[in-house]
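Structures follow.
After this come two complexes, each holding chain A, first together with chain B and then together with chain C.
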Partner chain A sequence: MFIEIITYRVVGCSNIKIRKDGSLTVANIIVKNLNVFYGKKQVLKNIDTKINSGRITAIIGQSGCGKSTFLKSINRIVEEENGRINGHIYLDEEDILKEDSQILRRKIGLVFQQPEAFPMSIEKNLSYIMNYHFNYKKLELKERIKTYLQMVGLYGEVKEELSNPAKNLSGGQKQRLAIARCLCLNPEVLLLDEPCSALDLKNTLDIEKMLLELKKKYTIVLVTHNLSQAKRIADDVIFMSEGEIVEEGSSKDIFSQPKSRKMREYIEYMEG
Partner chain B sequence: MKRKVLDNLIKSILIFLGLIAVGLTLFVFIYVLYRGRRVISIRFLLDNPSGIPFGTAGGVFPAIIGTLMLGGLSALIGGLLGILNGLYLSLYSKGTKSGRILLHLITILSGLPSIIFGLIAYTLLIYKLGMGKSLLCSAITISAMILPFITIRAKKIFDEKGYTFFIESESLGLSKPYIIRKLIIPNCLGELVGAVSLGMLYGMGAVAPILYTGVVMNAPIPTSVNSPFMSLPYHLYMLANSGYSDEYALGTAFVLLAMLIIIEILCHLFASFREGVGFKRIFR
Partner chain C sequence: MIKVKDRVLKGMVYISLGVTIFLFALIFIYLIIKSIPAINNIGLGGLINLKEKWYPIGATPTFNLLPAICGTLYTSFLATIFAFIFGLSAALMLNFYLPEKFANIIFSFLDMLAGVPSVVFGFIGLSTLVPFLLKHFNLSTGQCILAASIVLGVMLLPFIISTCSESIKLVRDRYEGMSKNAGISKEYFIIHIVFTSIKRSILAGLVMALGRAIGETMAVMMVIGNSAIFPKLLGRGQTIPGITALEMGSIGINEIHLSALYVANLILLIILLILILVSQLLKGNDRI
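For the complex of A and B:
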């Protein structure tokens, strides 16, 4: 059911290319010389990297090193918080800093670090977004709400209370609702800022399973504090420190043979 | 142990102060009711004023309606502008220079004495623009006076109950007007009504801004916004000033007080029902 929906949407998307063998490919994110400022403070310094489609990229690093800001720059929400972005971010060839920000944000969904449940019912949290972007009939809307809630493993828990206020959900449930909200954009890129920080192990593993499934269709970037999570699901890892990328590479290499001292210290520190 | 004694002491002082506030309000209300008891009746509410000197017989009906119309119109103008200002300050100009300048100007405006608003409105609207003394003219003046209050309140409401939702909604590609219409306003409506109504009550009780711009001693119920009008505070002011009839003055005062309190309670009720707590909140 879900795969059908995605395919149907994906084909309608301008950025999706069809390979010779008929399969679909989503865009890579290429970052060139990115500098981000909040007021006079420079939060990101000379970021150069490439984030590959069809893979899960984990961003790790001490808190305050600019991980959230990096995601917010790719979604350009930094601009609404009066931050300044210099440099280039490409979604394949297209410079997203030149694109209309609203169109862009629909393509690049972001789940905030501590997402809010919007002050409305659970189902309206999703229909509020879908009604703006799409023209679904009532029945399809209902069907989709169910699908997205199922994808994040929330449907079973809340199916009796879809019209109750979402503010009564637990922290973990709110986090999953926020992921569902993002999924209902049918984006090309999913940016997730510590999406499992309030979840127990079972829900965490469910979300990870979902991400592994989704990575065929999306470019996924995940900020995490949980190194074992990064080892479990990330294909690539970016390690940041003080606003800079210190080390990046495939998950296997980077965890088995960290090159920089900072990275080694960080791993040691996190693993106790 | 010491902490506990101190805590209890502070608590008792606060309770005492609270009781004084409640007591004072009750005292004023009862005093006014008692002194005006002989004139207060249904007829006093529903009759036109009469007698010589004027106002020492009959009722205050046109003044009640005039005050309500003035309040409504001011709330409409001042409320709308104040809420728009608040939206701009909280959601559109956070941390920008234009936002800071606007906020400074509004803070300055909020410090101006009400008579200044009356004089400026008189010079601008009546003297320069040639408007007649009218309900509209007074409502504009009152709106200007309550605008800073409503703006600052509205900004605070949007900061607290809107900003994070706003940013997160924007990150999902929704447009600002859509977010405001579908999420921000519905979520803040109860408190916004509270803020506007407080501003309105403050405006309805003021005499200085309407003195030169629209209020008159004796007028029928306004038939349009261009008519001059009667108002309770001004009626009261004239009666009390002339000293002919304390009873009629205090009767008028009672009607004014009761009206303000009823409106306040209604707005409060509206706000609590919006938040789904019903009657509980009034007594909190």
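For the complex of A and C:
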């Protein structure tokens, strides 16, 4: 149901491809000469890369190298934090820097590091977002809540307590709910900023399994400090250092034959 | 050595708390003791009824406290409602719509406003608001419950704004990023997340504000008209703190009149205790 594209329609100022179920198509992200500044400090320098659709791309690097800023530039949350973006980020052919930020964030969902839920029930955590963006009828809304919770493997665990406060969920469940909140926007791209850093191994593996399933339908960009995680689930890897991309390529090549000295040192350091 | 220091600090904290509770209990007991002559002589029916007036200096004095109690509650409720409407709106404006630097300047100004002596508010009310009401509402003096409520409302504004802002900031820091990230507008976030999360904190703040309003003396006394009659919006009235401040100094030590004023203040204290209790209960149940 997520494959067939039936029409193009104008949403706000952009042309968005709509699937039969209302979700959007998977898109490539092309970054050209991207520079990001916080005040006078330049955090990202001349970033040029292509993030391929339908794959998981892991961004790795030391703390403070600009991984999260790069991620937050892609859905322009950087601007909300008084950052300044120069350059171009294309979602297929559309320059996202020229788009309305609310429409953009419907297309590019971001999951934060800390598992957090809105102070309302589990189902309202999703309906809060869907009621804003879409005009689903009550029955359809319920069906969609069920679908998205199933997609993140949470429905079975919470189906009896959908009206209970989401704050009572465990860290892993909250993180999966956060991903479901992104999915209910029908995005093209999922950005995840160290989504498993606050979770135990079981919850981490659950989320990884879910991401491998989701990559068939979404372009996924994952920032992680966990090299094992990047090796397990990433198709492509971008290695960053001091605000620049040092090396990028397929996960297999990067980890088996790192070209740069910095990448080799980083792998040695992380693997002890 | 560190353990000794820890014990000294702990001991000091306990002693300070003990002294505070002891002083409060002492005030409460003192008020009860001083109220006993009036309760014995006049009876609770004589102190609170719908028929008599507060007329303590006549040949047959009457000591009905109900008009002053009603005046206190009427003025305070109205003032709290005024302050809430403008205070919540101002807090939202400061937190969501104004640039942070500008908002911080206004917050400093509000802190300063909270420190202005109440007599200044009373004086401004007396010289601007009272003549305005006199002219536009065709009143005999302009001093009335409405004037007192407006002056009191302005005095409560800094407290309401800062209480609302604290709660709003907590919710904003925690959830606004997530909401923006989902492409949701500020206004939708305010209605669906901020309001629903902080309603209990706001209510607790309002109850505390009501407590403050009930105890306010000078500014209210200057614009309310000080007539111990049942209050009307555009009529004169009197409050318990007002009646106490006006009459306390001119009464003999052992007179029933004085004891009746102690009863009035005992009632005020009990109302305040109930409000504080309600406020604490409300605070404990927030969803943030």
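Here is the rule we go by: the second predicted complex is superposed on the first by the 246 of 272 C-alpha atoms of A that agree within 3 Å, B and C clash if a C-alpha of one lies under 4 Å from a C-alpha of the other, contacts with A are read in each partner's own complex, and residues count from 1 in each chain.
The criterion applied here is as follows: contacts are C-beta pairs under 8 Å (C-beta built on N, C-alpha and C of every residue); 3 or more make two chains touch, one makes a residue touch a chain.
Nothing here was measured: the structure is a model prediction, and the numbers come from that model.
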item: When chain B and chain C are modelled together on chain A, clash or fit; value: clash
item: Chain B versus chain C as contact partner of A:F134, first or second or both or neither; value: neither
item: Partner chain(s) touched by A:F255 [first = chain B, second = chain C, both, neither]; value: neither
item: Partner chain in contact with A:R106 - chain B first, chain C second, else both or neither; value: both
item: Contacts of A:Y90 with chain B and chain C, given as first, second, both or neither; value: neither
item: Contacts of A:P115 with chain B and chain C, given as first, second, both or neither; value: first
item: First (chain B), second (chain C), both or neither touched by A:I77; value: both
item: Contact residues of chain A, present in both the chain B and the chain C interface; value: 75, 77, 80, 102-106, 109-110, 112, 116, 118-120, 128-129, 132-133, 181-182, 185
item: Footprint of chain B on chain A - complex, ascending; value: 39, 72, 75, 77, 80-82, 102-106, 109-110, 112, 115-116, 118-120, 128-129, 132-133, 181-182, 185
item: Parts of chain B lying in touch with chain A, wherever the complex brings them together; value: 94-96, 161, 164-165, 167-175, 178, 182-183, 186-187
item: Chain A residues touching chain C - in the complex, by the definition given at the top; value: 75, 77, 80, 101-106, 109-110, 112, 116, 118-120, 128-129, 132-133, 165, 178, 181-182, 185
item: Parts of chain C lying in touch with chain A, wherever the complex brings them together; value: 171, 174-175, 177-185, 188, 192-193, 196-197, 287-288
